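Note that the chains are named A, B, C and D in the order they appear, and that numbering of residues resets to 1 at the start of each chain.
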Amino acid sequence: MKFRSDLVLEAKELIDEKRASQMEAADQLPEGVFADTEEKEEYRVTRIRIESPEAAAQLEKEPGTYITIELKTEEISSLDLQKQIAHTLSAEMNLFTEKLTKEDPCVMIVGLGNRSITPDSLGPRVVDRMVVTRHLKGNEQLRAHLDRRMGTVCAVAPGVMGITGIETGAILQGLIDVAHPDMVIAVDALASRKTSRVNTTIQISDTGIVPGSGVGNRRMALSQKTLGIPVIAIGVPTVVDALTMTCDLLEKATGKEPDEDMLERLSDTYGSEMIVTPKNIDVAIERMCIAISNGLNMALHKGFDTTDVHEYLM
Amino acid sequence: MKFRSDLVLEAKELIDEKRASQMEAADQLPEGVFADTEEKEEYRVTRIRIESPEAAAQLEKEPGTYITIELKTEEISSLDLQKQIAHTLSAEMNLFTEKLTKEDPCVMIVGLGNRSITPDSLGPRVVDRMVVTRHLKGNEQLRAHLDRRMGTVCAVAPGVMGITGIETGAILQGLIDVAHPDMVIAVDALASRKTSRVNTTIQISDTGIVPGSGVGNRRMALSQKTLGIPVIAIGVPTVVDALTMTCDLLEKATGKEPDEDMLERLSDTYGSEMIVTPKNIDVAIERMCIAISNGLNMALHKGFDTTDVHEYLM
Amino acid sequence: MKFRSDLVLEAKELIDEKRASQMEAADQLPEGVFADTEEKEEYRVTRIRIESPEAAAQLEKEPGTYITIELKTEEISSLDLQKQIAHTLSAEMNLFTEKLTKEDPCVMIVGLGNRSITPDSLGPRVVDRMVVTRHLKGNEQLRAHLDRRMGTVCAVAPGVMGITGIETGAILQGLIDVAHPDMVIAVDALASRKTSRVNTTIQISDTGIVPGSGVGNRRMALSQKTLGIPVIAIGVPTVVDALTMTCDLLEKATGKEPDEDMLERLSDTYGSEMIVTPKNIDVAIERMCIAISNGLNMALHKGFDTTDVHEYLM
Amino acid sequence: MKFRSDLVLEAKELIDEKRASQMEAADQLPEGVFADTEEKEEYRVTRIRIESPEAAAQLEKEPGTYITIELKTEEISSLDLQKQIAHTLSAEMNLFTEKLTKEDPCVMIVGLGNRSITPDSLGPRVVDRMVVTRHLKGNEQLRAHLDRRMGTVCAVAPGVMGITGIETGAILQGLIDVAHPDMVIAVDALASRKTSRVNTTIQISDTGIVPGSGVGNRRMALSQKTLGIPVIAIGVPTVVDALTMTCDLLEKATGKEPDEDMLERLSDTYGSEMIVTPKNIDVAIERMCIAISNGLNMALHKGFDTTDVHEYLM
């Protein structure tokens, strides 16, 4: 019943905390989990690889690779930092794209979420800023005039089930069947347990993604298993669920989990519809959107820098 | 090379004009074309049925049924007129939907065009205002609580090829393959030859539609032939191509078609990118969008009136 | 240092709570405060009049009249409720407008807040939906053709100091000096202490308003005292400050106010920039905006109903 | 009755054309008009000074200085060109700002036009991108921490009379009275006679400006004469009036002005509400808005380059 975090880093932290309280070494990872961290002045990159099923069970996350880029500041506070994040994202994406052995592979960017709910609009907005080329590559004449650095990219924002009436996973399957990409990169807004992560953390993983809460339980995961091609998920927490935050807080303040009674009372107060978010969410999403889309464009169009991206998107 | 009108009514008018100048009876239709007109105070409904291939060739339009709702005013100038247009559209749609013999057929609304270019945004905006139910109908529990008047509707705005990198027809094929609708209703903004038609004419036909100008010539028509299910197209002229308008005008003023030289000069001036449109295009599109979406919702959810639609869309 | 609520109702509740815990009669109001409540099925209207300076001091609110319309539902959940709220607001406004004894007085609607921050955009959006007539009334010829029900209304959205570089109060003074209205009605988004009030409460008062947090402390109150004409303030809580909510919650959970240490820790976590808001804030603001603007238009253009308003705003 | 162009360059061209047809030297200017032109690869800067009242009468323009920046391309087609235009605009503005002898003068940017009509939204959008400082300069403490390059700038978008109910000139007068700027720079979208000028021409002048068509004839010019301080107007043609374009065209095609009869017929067809505009008007306005706002920010905050501007506007 409790709200779960979409971030593997938070799963690891929960374990670390539990351990610390058990007087164990906080830096000792579960068997089958490999992690390394790279510190930069304004951000940090953590790479976690979950190999064993046991570790996966312990962390409640799928086995696979998780890369997290964490700002040390409260937001992307300068153009320079925005550019650094874009370059870092681009470099980290190589870990995944270099596995595509086919010459000139086709990558499909999928922007998940609802364009008209600001904190949920990250995915569709990243799609708007992709330099797409698949339709040009498919045309003999146009291909000849194309910037040679350009890879083959297509991009879709399938919408959410409440708007389309169709399961997002099904739409995606239909699009893959006709466009035949070699890899999907799905971008989505996530929920976090901590306000400090909101708009400051980017998680990249090769384990797929489950689109935002749907009707009933039959939501289809978007992953290599369900879609048949590699699915790289890029997620950014843009909100904290108000109920979750409150429960966490009470637990800390009182030293024990809120009881049934309290939970019900809190649940009445916040419903499932109250979120915690920065006041300047529009600006924060825009900055994150530029960092991610620039990073993806540089990763997929080899040799592009951010100026090239802006030039093509003018 | 010259710009073509998307409206069958204009094709018929061109013939009528030519004839009139040949002293023929202007009201005599080509063999194989049947037409009737219903006059209302503020608008007129014309139904044209092109049956013979010869008539189709003469009008340069596919054989099929074309229904045109024409405002006599310059725009949808009152709430009452907006409501009348919605009801008329709803009633005329019956001609097409009643051919679906299956119990509770599924209809997919497709909003063609580019959401971020105002005169091209009609289709996606109509999609935003559809009451979709397909995902609820598919769920035993939810279906039980559903308003019994509701039909099965899904709705997608596939975007344009320049944004997605995928041919719109291909996207649509992929979506049909996974959602299995029994009919597609495609809504699109059109070009007209006459400024008087802009935002005053709605054309409905069962002959399909070709999405807006793409790259190269391999644009795929959206029709029963290509998609395998009935495709009803709803089009509204929202712009006049400036070059076309100018050529028509010169022809009238001088009594002869512009020669090669003049055409080139005009073409230099207007490029292919200048359009003629009302100053208040944002408002005009919004009004048309409400009329059409209300009409479609009433046609597909039997017993709805406009208040029901607004209630569900709140 | 603690965040204050903009709602007089919350001030009264705080007192009531304190009293209740002191075993006093919860329904006994401070001397000099008069209150009455009208219950409807889906909402309640409370009118509070603070007359004595002592009562004002006790409630930490200015002396004057405060009318609160409170939804019993979580949001404006139907067109019918939206209409009822508009009519109620219109009727309550009479209490203030009937004091304008001049024939055909001019009323200036002022939309406070920042149009590009969704939860702060209520004021400017209400301005967009006002039927303005002042410029028509001033023109002999146009006045003759005007709907006789129309009052004299102008409307401005002065922007926020961070965007204009000018104190909002100063801008307003400048506008009043040139437009000479007889009354200002200022609409603004507020903060509440309780998530249950967000987008469910409308507070109307004749005590003026202080525009959202500015730079330094020299923010000028907008009131009859500072502007020289009656200022009616209409406020709707659209957010809860995350830090305030958390402090309140901890106090309830632990039975005591958070100490300095805890406050600092919380302050670090939420900064001053995290807010609690409904996920569907865009929709909620839009519904509230329609209810308020319809209510104001009906109050100022005597005899208008909501259809008249929609007709003029088409 | 005929539509007039807002561009002095077009006035001069009309004269030049008339002369050329009278076999006079096309480059001979009327007495009292001084002009020089600077050619760059992708654009050209023309400076025209009208000194004598006779010349002013002949050109139907106020005496004063007019600077025109004309693109040789169809639009701002690259980031580099956008930057060049910004720097050129910044440099040319010096001609006007250097006349402000006061130390640290205050400049008010005024964005004329209607934010919600795309081709009319240039002014308000430029205002959104100004780095405003007036409120910071006025605060001892904040001023100390301010970037020393910063001038004193405030910025307002007063809206249009149809939305506010107040004459734009009156609003501006009220704002000047409270903010006490030393100069107004008013930015507005204009109409041109030629499609080739749309979004390719920037006109800067010190003769003031008349806000877009109002009700009746009592529109107040915004100029040093009416407002008491220097008013620099920056205008960009974003549309061509369809009726004007058509008349011009017919005149050229037939060699004579359209007669009364034809004018009436054309007037019926286009009303006063049809405009000619590029299909990608949203993008074109955005590019122009960035060029102008960057230029103004660099002109008013000495030592800023475009990166500084973007940094402050992030």
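Just so we're on the same page, contacts are C-beta pairs under 8 Å (C-beta built on N, C-alpha and C of every residue); 3 or more make two chains touch, one makes a residue touch a chain.
Everything numeric here is computed off the predicted structure, so don't read it as measured data.
Compared on C-beta pairs in contact, A-D and A-B come out with A-B as the pair having more. Ranking all chains by how far their C-alpha centres lie from the centre of chain B, first place goes to C. Superposition angle, chain B onto chain C, using Cα atoms only: 180 degrees, a multiple of 5 between 0 and 180.
If you average the Cα atoms of chain A and of chain D, the two centres end up 44 Å apart. Chain A and chain B, compared by their mean Cα positions, are separated by 39 Å. The multi-chain contact residues of chain C, meaning those touching 2 or more other chains, are 116. Listed in rising order, the residues of chain A touching chain B in the complex are 116, 127-128, 132-136, 139, 141-142, 153-157, 159, 161-167, 170-171, 173-179, 214-216. Residues of chain C that touch chain B in their complex: 76-79, 82, 283, 287, 307, 310-311, 314. Put simply, chain B touches chain D in their complex at residues 74, 116-119, 194-196, 198, 239, 242, 246, 249-250, 253-254, 262, 269-271, 273-282.
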